[in-house]
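Once you scroll down, you'll see the structures, which are given as structure tokens.
Shared between the two complexes below is chain A, which pairs with chain B and chain C, respectively.
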Partner chain A sequence: MKPALRVALLAASIAVLAAVALALKRSDVYLLTLYCVYLMATFGLNLTVGYAGQMSLGQAAFLGIGAYIAAILLKLGWPFLLVVPVAAVVCFVLGLVVGFPALRVQHHYLAFATLGFNVLVYLAMRNEEQITGGTFGISGIPRPTILGVDLGGHVAFYWFTLGSLVVLGLLLWWLLRSPWGRAFAALRDNPIRAESLGINITAYTLLAFAIGAACAGIGGVYFASLVEFIEPGPFHFSASLMMLLAVIVGGQGRFFGPVVGTVVIILVPELLRGSSAPWLKFMQVWYLAVFGVAVVLLMLWLPGGLLSIPERFARKAKPR
Partner chain B sequence: MSGGMRRPAPAESERLLHVRDVAKHYGAIRAVDGVSFALAPGEIVGVIGPNGSGKTTLFNAILGQIRPTSGSVEFRGEDITARSPLELARRGIGRTFQTLQVFGQLSVRDNLIAAAQEFQGTITGRLFARPDAGLGARADEMIELFRLGHVAHLKAGTLSYGQQKLIDIAMAFMPSPRLVLLDEPCAGVNPGLVDQLRELLATLNRTQGGSFVVIEHNMDFIMKLCPHVICMVEGRVLAEGAPADVQADPAVLEAYLGN
Partner chain C sequence: MAELVQLVVSGIATGSIYALAGLGFTLLWQASGTINFAQGEFVMLPAFAMLFCVLAGMPLWVAVLVTCAAAMIVLGYGFKRAIVDPLIRHGVIPLVIATLGLAIALKTLVRAGYSAEAHQFGSPFPGGVFSVGGINVTYADVGTLLIAGVIVVALQAFVTRTLTGRAMQAVAQNTEAARVLGIDVKRMVLYTFLINAVLAVVAALLITPTYLAKFDMGESIGLKAFFAAIIGGFNQTRGALLGGVLIGILENLVGFYVSPAYKEGVALMLFLVVILIRPEGLLGKAEERKV
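On to the complex of A and B.
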């Protein structure tokens, strides 16, 4: 496909996504906004896991940290557009710290190190009641008014979130097309070789974690403002597992992998559960089991993710 | 030490690399046991020896992959003993490994650009640099030299062993290093490609002033490429000199073939 056609197709898709909100129920618009929020986090995780080849089971912790920072600061009256960079910077710095184990260990050891971080953050959110409100959480988080435009309405806030997601996506696209993207891929494919070619694998490993974490932190700010109430539940490590699943199901290391993968983890379960079609009635009870089986089958047949389907067909079609 | 014609050792001021009495012991095993040699700019030195004679361990000790038990390594007069591979790369020392080491998911062209991009400006500067880091022309030049034009846009991991070997070697030369250490460049490569490789290395030596240390088992390759050869046995230098002399040395023959 020609680049110009691709851009046009992408712009049209975004326009359609924005327009459908006018025709959808309030709960569906909420769900689409939630999708955008999680996509910010999974875009970041795809950089860490898919492009730089690091393992992370702690993305939900960064989403949570961003959300709690937003809850506290927005309630103090800080402007939303200031809270976003604050959450991004805090998560970036914490991401650098969480990246340190990756300099020593890889794969499942690293998975457990990052999972440990997620558990720690979760416990802090639950137990540090004075700051986080503990299990009661923090309620009454305001939605922003920006340049005099009230974004309190569900459609307005959705458009704002979608627009912010597009900006974040463009920034990541630009970053991954720069020499940094190539260095991340070199780190993923062969760190020993990369180092012998002057690639500072320490710096790029830490940056991969930090940038991924910052994306989740930004997502967290939108999450808090969307839900208007936060408690530790959504930031449990099981959410990190789902985000990792989104990256892998979509196609890790492919820019649009998380776009597809996040549909699978956020929208598909809700659609299955909420379906009122008679032949899909059983889904209201069985949706989690069906979802689980579907994921297992998908991983068996398409380890490269859903976006690898065209390549798979192209390979099959090629005469041997 | 073998009799035979010896090239004069490079004078101290002319030494690019000076390996001085380097040893690497693992408990009682002396993998490398006091090896010394020097290399002048533009020179090619071959390292031969039976399997297990310590050639790769010597390379790893020179290149900071492992810390030598004793001895020192100097590069352009600076002590670089046990410096990290990253620091050595920045000083202009490139290497290839015994096994294939390419970036499998990147295209051939991106492999070559990745091999040199970190030598362009600062890390922050590279974030704002052009996607090819200004190395597109250089990469195309290497692609042409290594005859990889027809596969330049394919993922390196999908290519044949021989093609990946060429990429691997081209990558080491991408940043125009002052010195390259090649560990068995001919291993697993078909005879036609061996000749092509030798011609390539000779061209790089001639046109770009490349200085190499080459570990290789292929005697024909070593004889034609390297004016000076070191033969290692059991961690020590058994003989060194012109390739024909080393090959004819009775001690070398005995080490390879036994009594």
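On to the complex of A and C.
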């Protein structure tokens, strides 16, 4: 496909996504907004996993930190557009703090460090009641008014989230095309060669991880504002696991991998929950089991993720 | 003072269970480069298997034997053949992802197929407490330590004293050289998977009376197993033992003197401190990277 055609196609699909909200039920628009929020986090995670080649199992913790920061600051009356960078910076710095010791050693240690970090953050959310409200959470989080435009309505907030997601996506796209982004890919593909070419691999990996964390923090701000109520539940480490698997299922290191993967972890289970057909009821209970088995099979037969299917066919069609 | 000693003793007992799970984790890593993120679920499944056997009317020791056999077939041989063998060629990450998927699948299977509740699980030891010099110790703690100790000593003896055990060590240290020396590497790797399955069953037997049999019990014990292995040194079998016991003791102390709410976070803290100060783990040896 020609680049111009691609851009046009992408713009058209975003326009369709935006327009479709007018025809949908309120709950479906909510679901689409939630999808966009998680997509912010998984886009960031894809940078860590797909481009820098690191396993992070703490993305939900960063999403949660962003959400709690947003809940507290928005209730204090801070403007939304100020809360977003605050959440991003806090998550970025925390990412550096968690990532530094782990990445200094060996790369799979990041998976363990982030996993433990997520457990700790979850405990803090549940136990530090003065700040987080404990298991009761924080309710009554306001939706923003920006430049005099009230974003309290479900469609308006959806458009705002979708727009923000597109901006975030463009920023990440630009980052990956920059020399920095190329360095990320270089250190994933051959860390030792990258190092010999003068790339400080630890610094770059750490940076990729921290930027990924910051994206989740931004997503968290939108999450808090969308749901208007937060509690520790959605930030349990099993949610981190699902986000990681979303990136892998979609196709790690493919820019649009998370777009596909997040459908599988957010939209499908929510739609199943909302439906009442008997066989779908059955799937509500068994969905995660099917998903888990599917991940194993995917690794066995299609390690490149769902987005690698066209390439797989292309390769099969061409006789070698 | 008596309080402190009591906390340490019961910490060592709990820690020795973490150590067993961590030991299996380390063995798999050494022999085959497998990082098994489903290790916690490998403890959860035998717990339910034993529960079923007991509910079906078997005495506990029969249930343990039956579960051991089943675990060796399914979690040892089956796991290796179906998941590890095809994936290990592609490096660490695909296997990590696959075991993550497996962990989710196993948890959901138990929750959806059996129950989401926590189930009582009879302790293999008599209840009650005895006193030694003013320190109260439960029979369960002593029994746990005894069983864990016997298992570890037996394993150590097997690995260092028998020909098969030494061959397994050779494979763990240098697979290529072991192959050149005519050791059946595949068979040795299979043995490690079988041993891992048995260790998981023993860990399940010891921990389930306190943790209760629940579909998500593996999350916590799996996490402790990973951290025990890394804290002690990923490439040292003894490391997992030290790491597990340290986590067990510190958890008890933090739970009692600081806050029970943050007990679960102790392992992470210890892990972060250790890798900052001694990245290769307390007993580990630094590894060099291969180009």
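Just so it is clear, the second predicted complex is superposed on the first by the 283 of 320 C-alpha atoms of A that agree within 3 Å, B and C clash if a C-alpha of one lies under 4 Å from a C-alpha of the other, contacts with A are read in each partner's own complex, and residues count from 1 in each chain.
One rule holds for everything that comes next: contacts are C-beta pairs under 8 Å (C-beta built on N, C-alpha and C of every residue); 3 or more make two chains touch, one makes a residue touch a chain.
Please read all numbers here as calculations on a predicted model, not as lab measurements.
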Chain B versus chain C as contact partner of A:Val296, first or second or both or neither: second
First, second, both or neither for A:Leu31, with chain B first and chain C second: neither
Chain B versus chain C as contact partner of A:Arg188, first or second or both or neither: first
Partner chain in contact with A:Gly198 - chain B first, chain C second, else both or neither: first
First, second, both or neither for A:Val166, with chain B first and chain C second: neither
Chain A residues touched by each partner, larger count belonging to chain B or chain C: C
Contact residues of chain A, present in both the chain B and the chain C interface: 192
Chain A partner contacts - residues on chain B that touch it in the complex: 63, 84-86, 88-90, 94-95, 97, 101-106, 110, 113-120, 123, 126-129, 131, 133, 157, 171, 174-175
Interfacial residue positions of chain A with respect to chain C in the complex: 53, 55, 101-102, 104-106, 108-109, 111-113, 115-117, 119-120, 123, 126-127, 192, 237-238, 241, 244-245, 248, 285-289, 291-296, 298-300, 303
In the complex with chain B, residue positions of chain A that touch it: 175, 177-180, 182-183, 185-186, 188-190, 192-201, 203, 253
Residues of chain C that touch chain A when the two form their complex: 35, 83, 86-87, 90, 92-98, 100-109, 112, 219, 223, 226-227, 230, 259, 261-262, 264-265, 267-269, 271-272, 275-276, 279-280, 287, 289, 291
